[in-house]
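Here come two complexes built around subunit A, the first alongside subunit B, the second alongside subunit C.
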Partner chain A sequence: MATLHTVNKSPFANQSLLSCLNHVKDGDSVLMIEDGVYGGLAGSGLSDAVAAKAGSVQVFVLQEDLEARGIDAGRLIDGVTAVGYDGFVNLVAETDRTQAWL
Partner chain B sequence: MKIGVLISEGPYTHQAADTAFKFVTAAIAAGHEVPRVFFYHDGVNVATRLSVPPQDERNIQQNWSGLAKEHGTDLVVCIAAAQRRGLLDENEANRQGKDANNIADGFRISGLGQLIEMGIQCDRLVTFGD
Partner chain C sequence: MSDVKKFLYVNRKAPYGTIYALESLEVVLIGAAFEQDVSLAFLDDGVFQLTKGQKTDGIGVKNFSPTFRALGDYEVTKLYVEKESLEERGLTEDDLQEIMYEDEDDDWEEKPSIRIVSRAEMADVMADQDVVLSF
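Take a look at the complex of A and B:
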């Protein structure tokens, strides 16, 4: 049973991304949306925590929310992939359930 | 696949109602079915037809009403959350002795049972909130 975890808050504002990363199981997927996309940035104090999970867990950011914040996909942590809304829908369909970290 | 959607954040707050709308649009475009969207907590404020955002800006309520008209998506507003926030349909306005109602086309007021039913009947439940 794979779970898609969505995180919509900046990891610099609250703990939801860290809570999520501490709860994910191997084979799960994490999708950062809205202000959550800041969690995908390379070179931040939290990048190592995200990168450490990016092997056992697939980590994605929503492309449209990245662009809305002026972040180029080239600034993402290695192993973090940008997807569009079509990718979001596919992730929901491919995983068994979706958990929003609100 | 049937995908149910829950929205628990108000319009023009952060992004939940916008993200949810784009998600639902993409899901339908991909051939999935979104039989119902449930508006809970501040999310019920999406359903007022009295909002008048600037004309060059997105109109969140009209986006959802248009989706319901085009695709038959059942837009359900939680009654307890709606009553607290002054969101009424004709029946509720009469029942509560109010002089007007403000619910937009395509939305209906009902109870939490509709959320539970959506969770049971849909293959996935996706939540957007604050």
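Take a look at the complex of A and C:
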């Protein structure tokens, strides 16, 4: 019974990503979309918090939103995976519920 | 009635800075007509929605906080409030308004709708739902 969590705000603007990470269960997935993709950047003040969860939950960023912002997938935290819209759809279909962290 | 689903409305925003909180309450009241198993979650700034003593005359918007006390009449009786979110904001349960419902299965005894839960318990509540609606 896994949940897909989506985060669409920059983690440097509000607490949504941190609150999400504080409520995920093992086996859940987190998908960063829109400005949320900045949460996937390696070397930021929040990278350690994301990396610490990347073992027990799967962490994804939306490729199109990365590209739009000029972020190369090589800049992502180890264990964070870029997926396209098709991957987004698969995640929604594979999980039992989707929870948006607005 | 196997078609009853568990709905959770997640409230994470303070009441008057944006329209999210009021819209959430409107959707809860609409959804109550469909006789589903409804719960509300209040965490992060969402806990500010339930404080007592709100007076909005001076800012020219509707004070919708009394409406939470009507939810029991619509069989919405589970309001989960996260303890850590209260504490981070210097609040305790005493700062929240009293919200009661009459339990039809217990001789209409008045019971509190607000249930203070830990962050871990809130995660369990979230994971136990069929549908999660976020505001």
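Here is the rule we use: the second predicted complex is superposed on the first by the 102 of 102 C-alpha atoms of A that agree within 3 Å, B and C clash if a C-alpha of one lies under 4 Å from a C-alpha of the other, contacts with A are read in each partner's own complex, and residues count from 1 in each chain.
The rule is simple: contacts are C-beta pairs under 8 Å (C-beta built on N, C-alpha and C of every residue); 3 or more make two chains touch, one makes a residue touch a chain.
Nothing here was measured: the structure is a model prediction, and the numbers come from that model.
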item: Clash or fit, subunit B versus subunit C on superposed subunit A; value: fit
item: First (subunit B), second (subunit C), both or neither touched by A:Val24; value: second
item: First (subunit B), second (subunit C), both or neither touched by A:Glu34; value: first
item: Touching partner for A:Val92 - first (subunit B), second (subunit C), both, neither; value: first
item: Superposition-derived angle with apex at the Cα centre of subunit A and sides reaching subunit B and subunit C, degrees in steps of 10; value: 60
item: Which of subunit B and subunit C A:Thr3 touches, first, second, both or neither; value: second
item: Contacts of A:Glu64 with subunit B and subunit C, given as first, second, both or neither; value: first
item: Broader residue contact with subunit A after superposition on the shared chain, subunit B or subunit C; value: B
item: Subunit B versus subunit C as contact partner of A:Gln15, first or second or both or neither; value: second
item: Closest approach of subunit C to subunit B (Cα atoms, Å); value: 6
item: Residues of subunit A that lie at the interface with subunit B and also at the interface with subunit C; value: 97-98, 100, 102
item: Residue ranges of subunit A in contact with subunit B within the complex; value: 6, 8, 33-35, 64-65, 84-86, 88-90, 92-93, 97-98, 100, 102
item: Complex interface listing, subunit B residues touching subunit A; value: 1, 3, 8, 14-16, 19, 22-23, 25-27, 29-30, 32, 124-130
item: Touching residues (chain side subunit A, partner subunit C) in the complex; value: 1, 3, 15-16, 19, 22-25, 97-102
item: Residue ranges of subunit C in contact with subunit A within the complex; value: 10, 12-13, 20, 43-44, 119, 122-123, 126-127, 129-132, 134-135
